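Pasting the structures here.
Shared between the two complexes below is chain A, which pairs with chain B and chain C, respectively.
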Partner chain A sequence: MKVNVVLFGTMRKYAKEDKFQMEFEEGAKLSDLLDRLKIEDRVYIIVLVNGRRADEDTVLTDGANVHILTPVGGG
Partner chain B sequence: MGRHTGDEGAARLRWQSHGREAATGLLRGVGDSEMLTNDERMRYSRQLVIPEIGEAGQEKLRVAKVLVVGAGGLGSPAAMYLAAAGVGTLGLVDSDVVDLSNLQRQILHGVNHLGLAKVESAKRALARLNPGVHVVPHRMTVTSENVSGLIEPYDVVVDAVDNLETRYVVNDACVKAGKPLIEAGVLRFDGMVLTVIPGEGPCYRCIFPVLPPPGAVPSCREAGIIGAVPGVVGSIEALEAIKVILGLGQPLVGRLLLFDGLAMTWREVNAARDPNCPACGGGRG
Partner chain C sequence: MDEPRWVGARVSRIDAADKVTGRLKFMSDLSFPGMLWGAVLRSAHPHALIKKIDTSKAEAIDGVVAVLTHKDVPGLNGFGIVVPDQPVLCFDKVRYMGDAVALVAATSKEKASEALRAIEVEYEPLPVVDDPEEAMLESSPKVHADGNIHHHIKVERGDVDAAFREAAVVVENTYYTPRQMHAFMETESGVATMDEDGNITVWCGSQHPFRDQLQIARALGMNPRKIQVVSTPTGGAFGGKDEITVQIYLALLALRTGRPVKIVLSREESAVAGMKRHPMKIRMKTAAAADGTLLANEVRVVADTGAYASLGGPVVNLAIEHSCGAYRMPNVKLEGFCVYTNNGLAGAFRGFGANQVIFALETQIDMIAERLGMDRLEFRRKNALRQGDVAALGHTMTASVGAVATLDAASKCEIWVRREELKARPSAPHKKRGVGIATELHGCGLGVGLPDYGAATIELLPDGRFAVGVSCPEIGQGNTTAFAQMAADSLGCSVEDIVMVSGDSRYTLDSGTSTASRSVYTGGNAIRCAAARMREAIADVAAEALGAPREEIAFGRGSVEARSCPAGEPTRSAGRLSFREIACIAESKGRRLKTEGDFIWPVADRGVEGYFGLPHLIYSYITQVALVEVNTLTGEVEVLRAVSIPDPGKAINPVGIEAQSEGGVVMGMGYALMEDTVIEQGITKTPNFSTYIIPTSVDAPEIETIIVEELEPSGPFGAKGIGEAVCVPITPAITNAIHDATGIWITHIPATAERVYMALRKQAGEPAGA
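After this line comes the complex of A and B, so read on.
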């Protein structure tokens, strides 16, 4: 199955593009996606899967939209 | 010469518009006291001709009260465009004074105001831009103790603060008071915007539930910011506030807008309300 990924802000450094697709076996979890992008455990991120906050155990589904964000607090 | 001719053209449009509105006013029995002055018709002529705005919209802007929290990189363009558009009452909150390191992005302030309170500097700059706007300076630090009294007199709140902590304070107070909030943040080349209409869409906490631990997320002081980014994002905040006041278009409710100034892309996340949100959860609204 394929999932759509968008990286925002300081997350951009984990891939060449800010928007791309990734292929996974059925049953893959968000932790698998984060591992493949080599996003370290200690990095503070908010991940939305189909617009809802997700955690590492969230199971990915075909066509899911995954947004990996960090809050930007400057003004 | 060309400019002069252009202005005469605008004046003709202005008087045509006046004629239409006057006739409508007569039919509706609207008194002259509600009409714009000649100066205002000239000043706002370019937005009065927009069918969605017109004199009725201008009157809504005139009676609107908007609070801009933060008179820095985001607050500068937000406050300037709101004042220029004729928002009648503009509150400004900031505890800082103008510093030389601000001027690279905080375009409300200039070298002549170094050392002056930002809210006072902003008040003077906005008075030069549009003396018809009532600017209310609030020189203070926003806390969970003083925030509800601060936002109470205003119709719409624009969050333009320079730290994450205050975003949560402002978000929670707006959700509690049921006040529309235009929320935005920037860092380096990136920005995000979300319009919060309590009860209608997610609030800031629905997406970012808790304040990150100290040091987990860099600040502008640490990571930097290029001034044009808050220029773009703060301008969007002003436009969102104007849309909310006028009841126009589709505000960014439930749509987190992400701006990447390096890639020059806009991404939109359709974000849902979190039923367990610490601020707006519980299915109430």
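After this line comes the complex of A and C, so read on.
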């Protein structure tokens, strides 16, 4: 299955492009995606899967949109 | 769906009775058996190396349970929303007087204070960096090893130099704005507990419990799932509780002692250690053609962010975004610097960078109008953005735009229509009256490059009411009442049937911050989504229970019914079930109806290359008008009347909008006339309300709020956000009114009696010191 990934802000350092696709076997979890991107510091990050906060145990589905960012603020 | 019954109605706040009777427990009111008092040892110097910390004498005091230093921070010894450059507990140096060096927990407040006094810290003082422009020089002492310029943004569009050459009028000035204090009623306070499984709960007023959870987890080296943060109710925040305040200290002390620990900052400690609005020096050069068309704006902002970054970078970005206001501006050259000094700490504050630049811009606008001989309001209307326009940063204004509508309403308000008559009647011969006007647009949400998301939960309770969960904390702005109104209309029930759950990282889904004029828009859209799913779930239960086809289930107020409608016959009810009955039926089958909704903000069609958080797609708009009276003998300025004309999109609760508007006017008035945290050589000279002057009820003028609703199609029921804009243009409306009264221009706020008096003397050609 294919998953759409977008990296924001400082998380862009983990890939050559900001937006890309990744392929996984059925049943893959978010932790597999983070492993493959070599994102080791996972305490202060937010991952949205299809627009919702997700944790590492979240099972990915075909066509899922994954946004990875650090917590942000602003006005 | 039926016409809204609750949205748009003047609904009393759902937390009003508990607040006015004192029943509501704020975080500083909480108490637990065996609770200890925590306290923070702050720095003794604004800039110094730490040579030695000796806690032995403090530890020996009877009643002192724990004394912690940097060695006791198990995880990352740093915090900060964007970059964790602020130590939890300082180890090598201190950078401002509010820096935390040690923590204590003791059996009483007095014992905790005694322990703080007994901690011995050896410092080696360093030169104090207190001027942001000097701090930018390479030769300046470094507050942080990487240099004193934390953030720099530069945006150019068009050709400002050509525009200045061709312009009929060019106005150039330097503006100075003060370090405003949030002055929330409840200082930074809270309690932390730890259970037998090592789970920590932190009750602490703040603006984003889920982000606090991650910052605490990072410092404690713990799994965030073992940390719960509860942030509702918060006794006022205004941006000053967006960053971590005492949450990590509380969690560290609870972790060490295993007992509940409470910290309540004194007002003086809050004033020294807490966040402030960025003081800015703004150089602005603005040009217009002879027909009054604005041509160009060149802006240079230097912001003093104090010792640590917090949200200083985003604040400067938004200052740049808002520096051309609600106007078409085809040529811009905008530059901003966010600079470290040893002057306290600056970060998020209602308005988020707009207050400073709008004060400058709206003064420029009045100056240009005067030079061109044009009416101030007509000049603004001529240049105001319309839907479809390209804004200063190059993005297209595709969302609702209420700039002209608020100006039109201002043109009809009494103090504008009757301004000459009102000005002609001062209360004494030595007093002069003037009327000022100012307008702005204000970005809602987090802007391009920062995904802005929200989520809500709705659960049908056994008694037929609905529990609605949105994490954006209730910080006094009334968002839970607006959420309840939107939920009631989305579900088809009464506001009284909504039980709001807010600001709790365990019992709600992450819906982001209560900042950025975003919570009603975000939470409302997420509620709409969850409510639609709840109605589907209720309809499923009803269809099965009534034996009716699913498509024949219709919603009434607090109930559903099956309508059979054979061809050619009038609709009739075939059975009705209340929501309580639906809950009972579901319960009998072992089900609880619970749904979730989510939402992601739309963003502008283009960003600014290399930067995040700007521009915005959705803006609220506001025009404010002030009538002032200036005492020409003393320089004292009194605001007699103010009119506030916000465009919040749909006013979910007009009473709430009026309350925001009135509070905003008074806050913006304090910024214009009174408030400034004076820091000299890194030392705060105004640490309490005896020296830091804020407006009181005696100072508050008569305030009229006229709501203009330019509905936003992407908003819940057409709503946008209005929490920040209400305090912004009132400041230049007041200073422009001072000009209208006296002829002097105010370029340095607050316009204290002393400043106004000296300007009047200068105007009269008298020496300042005579």
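The rule is short, and it goes like this: the second predicted complex is superposed on the first by the 69 of 75 C-alpha atoms of A that agree within 3 Å, B and C clash if a C-alpha of one lies under 4 Å from a C-alpha of the other, contacts with A are read in each partner's own complex, and residues count from 1 in each chain.
Definition applied: contacts are C-beta pairs under 8 Å (C-beta built on N, C-alpha and C of every residue); 3 or more make two chains touch, one makes a residue touch a chain.
Just so it is clear, the model here is predicted, and its values are computed rather than measured.
Student: Return fit or clash for chain B versus chain C, each positioned on chain A through the superposition.
Tutor: Clash - chain B and chain C, as placed by superposing on chain A, overlap.
Student: Examine A:Arg12 and indicate which partner it touches, taking first as chain B and second as chain C; both and neither are also allowed.
Tutor: first
Student: Scan A:Phe24 for contacts with chain B and chain C and give back first, second, both or neither.
Tutor: After superposition on chain A, A:Phe24 lies in contact with neither partner.
Student: If the two structures are placed on top of each other, which part of chain C overlaps chain B: 332-340, 422-430, 548-556 or 692-700?
Tutor: After superposing on chain A, the stretch of chain C hitting chain B is 332-340.
Student: Using the superposition on A, tell me which residues of chain A are in contact with chain B and, in the other complex, with chain C.
Tutor: On chain A, the overlap between the chain B and chain C contacts is residues 6, 8-9, 44, 46, 48, 51-53, 67, 69-75.
Student: Going by the contact rule at the top, pick out the chain C residues touching chain A in the complex.
Tutor: Chain C reaches chain A through residues 75, 81-82, 84, 208, 210-211, 214-215, 217-218, 224-225, 239, 242, 311, 314-315, 317-318, 348, 351-354, 443, 446-447, 449-451, 453, 455, 509-510, 513, 515-517, 596, 598-600, 612-613, 724.
Student: Where on chain B is chain A touching in the complex?
Tutor: 70, 72-75, 159-164, 167, 184-188, 190-192, 206-209, 212-213, 216-220, 223, 225, 230, 258, 260, 262-263, 265, 267, 269-272, 274
Student: Chain B touches which residues of chain A in the complex?
Tutor: For this pair, the touching residues of chain A are 6, 8-10, 12, 18-19, 44, 46, 48, 51-53, 65, 67, 69-75.
Student: So in the complex, the part of chain A that touches chain C is made up of which residues?
Tutor: For this pair, the touching residues of chain A are 6, 8-9, 43-44, 46, 48, 50-53, 55, 67, 69-75.
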